[in-house]
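What follows is a set of structures for review.
What follows is a pair of complexes built around chain A, which joins chain B in one and chain C in the other.
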Partner chain A sequence: MSAAIGLEDVFVRFPVARDWRGRVTVQAHALNGVSIAVARGRTLGILGESGCGKSTLAQVLTGLLPPSSGRVTGDRDGRISIVLQDPNSSLDPRMPVWRIVTEPVFLHAPTRREALRAMAADLLECVGLRPDHVDRYPHEFSGGQRQRIAIARALSSKPDIIILDEPTSALDVSVQAQILNLLLALQAELGLAFVLISHNVAVIRHFCDEVAVMYLGQIVEQGSVDTVFADPAHPYTRTLLDAVPRIGTGRAHHALDETELPSNRTLPTGCFFQNRCPMAAAGCERPQILSGGAGGHLVRCHRA
Partner chain B sequence: MMAALSRLASRGIDWRRLRHRIGASPVTVTGLVMLGIVVFCVGLLPNLLAQDPNVINLRARLAAPSWSHLFGTDEVGRDIFIRVLHGGQVSIGVALFVVAVSASVGTVIGGLSGLLGGMVDTAIMRLMDVVLAVPSLVLTMALAAALGPSLTNAVIAIAVVRVPTYVRLSRGQTLVVREAGYVMAARVFGARPLQILRLHVVPNILSPVVVQATLDVGAVILMVAGLSFIGLGAQPPAAEWGAMVSAGRSFILDQWWYSAFPGLAILFTSIAFNLLGDGIRDLTDPRQKGRS
Partner chain C sequence: MTASPVLSIRNLSLEFPLWGGALHALEDVTIEIAAGEIVGVVGESGCGKSVTAMAAMRLLPERAYRVTQGAIVMLGQDMLTAGEADLRALRGSGVAMIFQEPLTALNPTRRIGDLMVEVIRAHQPIGRSEAREKAIGLLDSMRIADAQAVMRRYPFELSGGMRQRIVIALAFANDPRLVIADEPTTALDVTVQRQVLTLLQARARDVGAAVLLITHDLGVVSEYADSVYVMYAGKVVESGPTDAVLTTPRHPYTRALLQAGPEAVAPKSPLAAIPGGLPDLREIIPGCRYAGRCGLATDICRGAAPPQSQAAAPGHTLSCWHAEGMSR
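Let's turn to the complex of A and B:
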């Protein structure tokens, strides 16, 4: 299987402050050497807490943000699409649904109004909405319905890859599953590649084939969802999985004392996780590399 | 702008609720009624009466207001009532035109400035600061004088001076809209800045611009009249309110009606537009949306 899209050793740095001559004095290191690949019909989950570089990763994948170094592989022209977190903000309140849904089409090729409306009706049907609602405005729909509209819009450009940036975290729990199942059905039908960005372990577990766990702009553990979640090797992954609340247990035994994410202005030397790591020991002061175990299970920890 | 307005109209506005809210605001109602009177007098009456404002009647020079000449006559016997009606077409027409031009130009420039950011933004905003730093009437007079005294040049001068207000307003609004998810999505789908401006930014920043424009009409009527008063705008014998006030100046002690009636017309119309602008601002204020 060939990769539909991939990143090769991508770094992204933002200038934060400049001196009086315009030279950059402080930088934010958003991504620090990320390599991923997603094949057609497969789903890669990006798991991490806020501030770990998930959104930057989405922007690099969609081409909104050029990497400071590294490469984006795969042909992205018109074949990549996005579904954003908050369907209240991602649909223009002043546009009727048929224009929202067909925007990726008419931006590039002026198309007759009737053709666009027909296309919009088909797309609405695809995502389980009534095709005769094409003339309504976003405020007339519920949150879950709006997210369906956003999905219809993402489909209209006939993409190969859809970036799902926290597609369910703004929705009611009862609606989340519906949206995820709709996405799975569409993937099976159209052979789409998904990159799902989420902080929600349960969503990733339910939805993804592979998972990459991110910490401070690096992937710390990567592999198939089954392996990683059944046998997490990196201490950070274990902490994340332990943080998922479960009925009947008290405070998770791996919960961290140090809860602050280190600043991404000056990166730690050595392992990025060492100041929070319950397993920190000698050797952690050296930079860690992402190295492989069996079945493509990669871990960035010398003690794993 | 018209397309956007018609789209607004097609959004299924709750007319009953709108009427209720307008009715609950005496300011808006007063403004609407006053504007109705202005529109009737300036838009319809001249056509109904069908009298030439420039007809000279030397036997009725400087006649006091009476039933045959409601507002009296000027020094060559022209009927001031008729001239005020026709002058309004010039004054209000020019003001609407100026506001329409400066609002559209300012919105496009401000929207692009906010959308593109960086050096373009800095350059545009510093230029606007320079224009805003000079008192607007002084700058208008300087521009109009440099271009030569005529109504067209006065229009150009006022329009140029009015643009920075709209640039600032629409840039500020654009900075908010720019962060919205639908703008990011449009970028991902390959929209160019001008497409984002037209499709997303302009429709979403339109209401504050419309409010500002309505408020501006009153001010611009004053500016047009002011320029005409000092001889840089409409030239005699054209009927225009400012020019009429100016011409009546030399008779003001004995024939008060010559300057007074055009002056009252200016006052009345400016107040009408200002009240309406205030009313629209209150209606479009999102904090009032919840109230019925």
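Let's turn to the complex of A and C:
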């Protein structure tokens, strides 16, 4: 399997404050050594909570943000597109749908209006919307339909890879189901590679082949969805999976734990998770490396 | 449970007048909350769950809506006829409200301590230093470490989970008997969500306050609510003890909602999406509001509204023409 896109040891730092000479005094460490690879036709899930660096990762993958160090590998010439979280703000309210959907094509190669409209009609049909709605505006559609428009736009440049940045978290469950079904059908039909960025454990488990769990800009656990969710090895993955409310397990009686995410301005020395970790012990003060077990299951914890 | 409920919404129908018509936001909604009970209201966007809460608190803009039938009684006060002074006495002391986004609920120009002292002194005849002591006690009860330091902070300096814990601390500042929480953890991460809801649950149990927990997350309802009302398009379609409603759902919508989640099917297989969308609430809908999306719908469903509150089991009711056929 050739990797459609990958990252090799990528670091991203943002300047937060400067002194009077303009030198950076405080930095936000958004990504701290991330390596991933996505093969054609496969789906990689990036699971993590807010502030873990998953959206920075999306920006690096799409080429919107150059990494501070490290490399982006694979084919990146117009072959990658993105679907963002909130279709209310990602679609220009003053553009008719046909313009929104074909804008990526038009920007690469100015094309005649009639050709673009025909293309838009095909794309709308492809995502389950009526082709005769090409002249409507975004406000005339429901949230789920708007997300379909965003997907149609992502498809228009005929990409190999689509980055899905929380594509369903603004939607209701019944609509989420429609969108996930559509994406899976499109993948089967077009052989697309997906990178699904989400905080939703159930969505990642359903939708992805592999998963990388992120914490404070690092991957703490990585492997096939089956192994990671059936047998989570990193204490953070366990904390995360355990915190998802379940239906039909009765009233909760949870103990309280420490849940403050450490700041990414000054990174912790040693294991990033140690101050919240129920298993913290001697050895956690050393930096942890992402090391492999059986079947490509990688864990960044010496106690796992 | 107890004799007089802290909140009783009876057969409430509410509409928003529009040019040449009205949007029928709520229809025949009945919700009752007993003292000390945690009640969930669950439904998707547009189902009327927030409007219900806002109407109960009389927080909707006065001229923008019309109550066409029904009654709201909160702590013995008729909320539909209460005057501004009565409402002010009730809000913030007898009843408190927690909103989804803690950043917009906290005044960004005020320090946490000043804000809390003001809220406490608005309802209690105590001095500034005594109110400060009380505020620190409230922050401690929300497991906020170093409460003294947090009192001097502005909201933007704190994390989302911390801000929501402060909002909860404020909600409990004047010993309320009812707390209305509208999607209190939707903006938060799951690990933080658990902490916030566990604290809310513990605090409510400690002081014996009832909680109306509005959410779209069935998992949250399952873990934290004693009983649940499922709403669809402005109507309560099913209600009862949480375990009964979520493990033996009887209404087709409740069933569809439970089946639509990714947990319900094998990975990568198609999810049971609910086809179609919400009906247009500006139109008069003669039949069941879910009929357009329901797999069981027949002519009677489209022609006449199903009777409200048919009993399925003790305390477990639903509103469906096919209630009999749904019993297994």
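Quick notes on this one:
To be clear about the criterion, the second predicted complex is superposed on the first by the 295 of 304 C-alpha atoms of A that agree within 3 Å, B and C clash if a C-alpha of one lies under 4 Å from a C-alpha of the other, contacts with A are read in each partner's own complex, and residues count from 1 in each chain.
Here, a residue touches a chain if its C-beta (ideal position, glycine included) is under 8 Å from a C-beta of that chain, and two chains touch if they have at least 3 such contacts.
None of these values were measured; they are calculated from a predicted model.
Partners chain B and chain C fit side by side in the overlay (superposition on chain A).
In the superposed model, A:Asn181 lies in contact with chain C only, and not with chain B. Note on chain A: of its two partners chain C and chain B, the one contacting more of its residues is C. In the superposition on chain A, A:Leu261 contacts chain C only, with no contact to chain B. Touch criterion met: A:Ile80 reaches chain B, while chain C stays clear of it.
The superposition places the C-alpha centres of chain B and chain C at an angle of 80 degrees about the C-alpha centre of chain A, rounded in steps of 10.
After superposing the two complexes on their shared chain, the closest approach between C-alpha atoms of chain B and chain C is 7 Å.
Touched by chain B in one complex and by chain C in the other is not one residue of chain A. Partner chain C is touched in their complex by these residues of chain A: 49-50, 142-144, 172-178, 180-181, 184, 199, 201-203, 205-207, 225, 239-240, 243-252, 254, 256-257, 259-261. Note for the complex: chain A touches chain B at residues 62-64, 78, 80-82, 84-86, 89-95, 100, 103-104, 107-108, 137, 150, 153, 157, 163. Note for the complex: chain B touches chain A at residues 7-8, 11-12, 180-182, 184-191, 195, 199-200, 203-204. Only residues 44-45, 143, 159-162, 189-195, 197-199, 201, 216-220, 222-224, 226, 243, 246-247, 256-258, 260-263, 265, 267-268, 270-274, 277 of chain C touch chain A when the two sit together in their complex.
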